[in-house]
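Common to both upcoming complexes is subunit A, partnered first by subunit B, then by subunit C.
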Partner chain A sequence: MNRRLGRFGLQEGTAAVGLGALLSGTFAVNLGDTYGAGNVCYAATAAGALLSLLLMGLLLKAMERRGTGDLGSLLFDRFGGLLGALLGMPLILGLQLCAVLPLFRFTLAMERYIFVEADYVPVALYLLPVLLLLVLRGMECVARMAKLLAIPGAVALVMTLYLASPAFHIHHLYPLFNPGFSAFLTQTGEALFRFLPAGTALCVAGKGCQGQGHLSGSVRRGLLLGGAGSTAMQLGLGLTFFGPDIAGMAAPIFCMTMAARQERMSLRLDMLVLFLWLMAGLVAAGFYVYAAALLLCQTAGIQDIRPVGGLMVLGIVGMLLLCNFDSERILNVVRLVYHGGWLLFLVPIAGLLLLSLGKGEKG
Partner chain B sequence: MRFDEPDGRFELLETEGGAPSFFHGRKGAPAPEMPDERGIDPHLKESRRRLAAAFFTEVNTDLVQRSFRFCGQVPALAVFLNGMADGTEISDFILKRAMESPLPEKGKGLIDCALERVFSLQEAEQTDRWAQVESAVLEGRTAVLLEGEKRAVLLDTRGYACRGVDTAQNESTVIGPAEAFHENLRISVTLLRRILRRADFVCEFRAAGSKNNVKLALCYLGGVCSEALLQEVRRRLSKVQTDVLLSAGTLGQRIEDSPLSPVPQTLLTERPDRAAAAVMAGKVVLLVEGSPQALVLPVTLSGLLLTAEDSYLRRPVGSVLRFVRLFGASVSVFMPAYFLALAFHHQGLLSSDILSTVIASRKLVFLPMGAEMIFLLLVFQLVREAGIRVPGAVGQTVGIIGGLILGQAAVSANFVSTVALIIVALTGLGNFVIPNYDLQLAVAYYRVGLCLLAISGGLLGLSCGCMAALILLCDQKSFGVPFLSPFAPKTVAREPLFYRGTVRGHGTAEDDMNGEAPL
Partner chain C sequence: MKRLFFSVFLLLLLPLGGCLQGLPLDKYCYVLDLGVERGETLPYRFVFLLNEDTAGEEGEESGRGQVSMIWAEERTLFSAVEALSGALPAQLSFERTTLLAFSRELAESGEMDTLTAGVLGRLKIRQNVRMLVIEEDMRAAFQGFVSPADPSMSRLKTNVKLYAEGHGYVEDWGLSEMREAFRFRVGDALLPYAALVGGGPTADMAGGQVYPYVGGGLLGEGQLKTSLCGSAVFAGDRMVGVLSGQHTMLVLMAKGTFQEGHLTLPQEDGGPLEMALYAVKPPKRIWEPGRFTCRLTLEADMEDPLRVEMDEKELIRRIETYLSKELTRVFRATADAGADVFCLGREAIRDYATWTAWQAASFPQRLGEVEALFQVRVKLSHSPRDPALE
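Let's turn to the complex of A and B:
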């Protein structure tokens, strides 16, 4: 068996989940639909993170109760081979999409604001070797990279908010809950798609974690930290721009830092911060892709993860390139994913919870 | 090789087994040479014939075969290498005593008698293996063979000329001991023992696995050093088969995890205090005969960035020095690439003042900026290599000529710009701050690679290059210990990377060594 799982501890696991949640929560947002009629995203993000925390807590409880070390085993244990594999498919698809969406945003921001004369394709192709290398090296390497880049990720978050802070105005949030409470509930559901994957990905690689306690601790702390970070970012965005203004932007986080652009220490820190985000985003994408590949290996009984991971990375880059070539059709698909993506995770997880936490013998 | 077959990569931190090579399996290990199982022939004539065959005694006059009569009666042969053995000891304590001693009473073996009553040397042993006789003679010991005996006596008469204990040349410090290891294995072990006066300090002497019969000492603290680590080191040492082994550095390459990685996976040090500190931390130290350096393993990146002086200085001062060192190392790796990325792709990131200075300095320079930087980096390596190879004071002169005169002339001739020259000079200074020579060279590889990526992709290329380098370092292990520990993964360390730890913490073995017991 060669699934490149390795071993990782509490800090590495927390960093992986935290970075994944932070990047998804901040960058995997459908701007047009979320901000078009107003802004409740900062509140929905916080609610979504807390709801994800609750769901992941129950899932971890179910894994503990059934005595399974990872999500794939739990699927197999509860649904059997065929149904388990079928229910694993939406999770794999969801994890892949979570890897693509932030990278798509980064590539777009690079092409539009950094490399003005460059094409989209060469910029996107720069990411391929790094992502491939990361996924092929396995979860141990991903977790260590997450641990290493957790501090630059936190620096990027603080710097972004600090650089944008002169442009913060409380009236940008007015009126509060503008699209209404139903919009808040809908966006909370959509926010699940941004936070559940990070916890799910670590549960998929659960056997690599040093003990069930560390696995639970990593997921909880990571979701809490990632949720808090992305809520802060969404709040910062809301304080900088009016909701409808954000809806028309390609890279609102980058625009946020430019809103209060100043030359500090002879350097454009706003542009430098984008590269810190990119590095953190690559690790988060690697985490999701590895988890997707591992889940496929677990459910399909594939022994070697490297061909699967390699193909998935190629698929990710293919999807990134496709986003450029057929943008209208892709945007429609992306919109659909944003609206229904959370169901990809919620349905299998809810099924697992029902079957695992109900009455019956313990594993 | 199947995909699902583990390759059994050694993992000290109990990680899952590593992976086999993707496209091809590992090459099979070369078949081990059959050891010489011959016993000692009771006839001296046959022994002489064997010596003649092994040592080419017809032309090789170094080998001395001194015939004499043991106790005045039994034909005997003393064999030793001229120059390797001490002639006075052989005359006074072997030949003279053997000829003058009375023949033992019946029932008492000649060999036992020789060991107990005749030879008055401090180290003496008997053997019945012919290979051991040859090996002992090659080391400078004297073998005494007796007619009719199937055993031989090996006597320690090593007495070749060697230099005295010198000061450390490449790891000099302002504070702390100045002694350096010695080519003589015994002296090196003694230097370690003088620091580690502990009963549990173990030195295992063994053959290094080379045809030139070099010996090595495996030094560790029994009960503190991880047994798994020891077994793995012994296993790797047992696999070493080479024609010639001249230094500890060669041995390190034979037993390291990733031969293709530019980053060192063992630490070569010439300082006994540094090696002793490593032993105290639960690491293994290898001393090789003929090599004035010790091989410390496993190592981590933070270990390679430390100096012996760190712990001799007080904590605040030591921490600041360490910060300066890390800053210098970062400048050395990133500065040229960062400058190229900004100059080529992100001029907007520079303030107008800096940008105008750069443009003014490049006004008449005909080389493109990327070529200029790569050229200067190569020239820097050239000057450095020349300075090292040229002996003594002339080497320093080469550095001064290269650094000052050549640089000034190159700027005057509009060959390079002053800004590029300053950046390369700062890079060079930062490079020399890195305390490990192997790591300095590894950093040069990364520097040039990052420069090329920065030229092609600006900060995006630089970010991707840094990520790729970090991924490779994250995945690298030195004898099962992750290379980036104690930071990733988090382990308890006596010496954290970014600041000097307390001296109180020096009483425990390091966490990532998986030591058997606390000190």
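Let's turn to the complex of A and C:
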């Protein structure tokens, strides 16, 4: 068996989940639809993070009750081989999509603001070897990298908010709740797609944790930290620009750092911060892709993760290249992912919870 | 093998982001400042102040290249860039652009919005690039900003900052802020205004007897032939007038962006009184539909307290009355022109539940009906009875 899981501790697990939640919560947002009519995203992000925390808490309880060390085993235990594998498919797809969405934003920002003379494709292709190496080295490497990048990730968050802070104005949040309560509920649902994957990914690699206690602690702390960070980022973004303005931006978080005039000293800090985000984003993407590959191995009984992981990385880069095509069909698919992606996670998780936490269901 | 693998891994991880495309280390012409005015043959004339980077050439430091001015008449900025690219030895880059200037004529015709629409995305001009309106003749004005000691016009940018923070004579506006004001009308733009010394109008839209610090009306001449002199007032995307430096200071006081400045208080008996003013705390702005109340607390530092032959209370009353009257006059002048430079929209928008309702209300058009009350409280820091020198 060569699944490259390794062993990692509470801090590594927390960092992996935290980075995943922060990156997805901040960058995997459908800007046009979310901000087009106004801004409730910061509130929906907070609500989505809390709801995800609750759902993941229940899932962890179910895993503890059934005595399974990872999500793949729980699927197998509750649904059997075939149905378990089938229910694992949406999770695998969802994890891969979650890896693509923030990377697409970073690639766009890099192509537009850093490598201004380059095309999108060479910038996107550069991510391939980095991602490939991360995934092939396995979960322990990903988790340790996440721990290493936790502080740069936090620095990126603080620096972004600091650089944008002179442009913060409370009137940018008005008209308050312009899109209405139904939009808030819809966006809260969509926000699940940004937070559930991080928790789910660690549950998939749960056997690498030093016990169930560490797994639960990592997921809870990571989601809490990542959720709080991404809510702060969305609120900062909302304070910097009016909602309809954000809707038309390709890289609003990067634009946010350029919104206020800076002194000479901090003039190029925005670019440095973008690289910090990119580094954290690559590790988060590596985490998702590894988890997707591992879940496929667990449900399909594949012993060696390397070919699966390698193919998935190729698939991710392929999707990244497709995202740049200005085709109506692709745009519709991307919109569908943003709107309905959360169901890819909610349906299997809800099924597992129903079967695992029902009356009389004990391990 | 393991060591080799790990070294490659580290090498790739260190930059973590990059580009596979081979880009030549070309010489670049960095556009430092960009000016747009009406053209003689084609619709617009685009004036570029360039810094030709000599990076890569032996023995020379990056960014120490020649500064030169070029221009082209074209229909759009993109076509001007394309036209000039063929006539330059190096590629044009807007990465270091820090100033975007428009002529008064274009500002008044409302063309600034259209002209700036694409520059953020396609030309990659930074969002926080400084905005400026210039009275006339962009080339002469740019030339006037340049001196042998300061060929890159950086003194102008320092002056904008200094005037904004140390005097309150102008407000520092960026491109994204300006476009936001044009688009959403939650407060209108008040861009720094510059003119050639000796040219332009000598009165501002609010009138009154302040130093004619407007449109080239400077009573003096320095080494720079162009100077900052007040603010261009916008109603939406159209410039509707000019405010003097001192009137701009009053607007900033009410907006809450004033830090410190200088006030000349005219006196009927005797010469004018000079004082430094400081903002003690942010103004309290109260908006009720149709009524705006602004409570300001300032500190006045008398420059020559011994010269004032007046009771302290009387002096405070005079300063407060003067400021309150001037604020009301400037407010009326700008509001009647449909310009929300006092940014009442920032409070008024809170009464609206949706963007559609806000836009349908056409708030700026109803500004003329708004009753404004400015309550000024002044504290003397060096009062006539207690001079600092005693």
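Before moving on, here are some points about what is shown:
Quick note on the criterion: the second predicted complex is superposed on the first by the 353 of 363 C-alpha atoms of A that agree within 3 Å, B and C clash if a C-alpha of one lies under 4 Å from a C-alpha of the other, contacts with A are read in each partner's own complex, and residues count from 1 in each chain.
Operating definition for what follows: a contact is a pair of C-beta atoms (placed from the backbone, for glycine too) under 8 Å apart; a residue touches a chain by one contact, two chains touch by 3 or more.
Since the structure is predicted, the reported quantities are computational estimates derived from the model, not experimental observations.
When the two structures are aligned on the shared chain, A:275 is found in touch with subunit B and with subunit C.
In the overlay built on the shared chain, the residue A:208 is in contact with subunit B alone; subunit C does not reach it.
With both structures placed on the common chain, the touch criterion links A:123 to subunit B and to subunit C. When the shared chain is aligned, subunit B comes close enough to touch A:303, but subunit C does not. Touch criterion met: A:147 reaches subunit B, while subunit C stays clear of it.
By the touch criterion defined above, A:4 lies against subunit B but remains apart from subunit C after alignment on the C-alpha atoms of chain A.
Within the superposed three-chain model, A:82 lies out of touch with both subunit B and subunit C [touch as defined at top]. Shared interface residues of subunit A, touching subunit B in one complex and subunit C in the other, are 110, 114-115, 123, 126-127, 129-130, 133, 137, 145, 275, 278-279, 282. Considering their complex, residues 1-9, 11-12, 110, 114-115, 123, 126-127, 129-130, 133-134, 137-138, 140-141, 143-145, 147-148, 208, 263, 266-268, 271-272, 275, 278-279, 282-283, 303-304, 306-307 of subunit A touch subunit B.
Taken together, the subunit B residues at the contact with subunit A in this complex read 3-6, 13-16, 19-20, 22, 345-346, 348-351, 353-354, 457-464, 466-468, 470-472, 474-475, 482, 484, 487-490. Put simply, subunit A touches subunit C in their complex at residues 37-38, 106, 110, 112-119, 122-123, 125-127, 129-130, 133, 137, 145, 167, 169, 171, 174-178, 241-242, 244-245, 250, 255, 258-262, 275, 278-279, 282. On the side of subunit C, the complex with subunit A involves touching residues 8-9, 12-13, 16-21, 23, 91, 93, 95, 121, 124, 126-128, 130, 172, 174, 176-177, 180, 183-184, 186, 345-347, 349-350, 352-355, 357-358.
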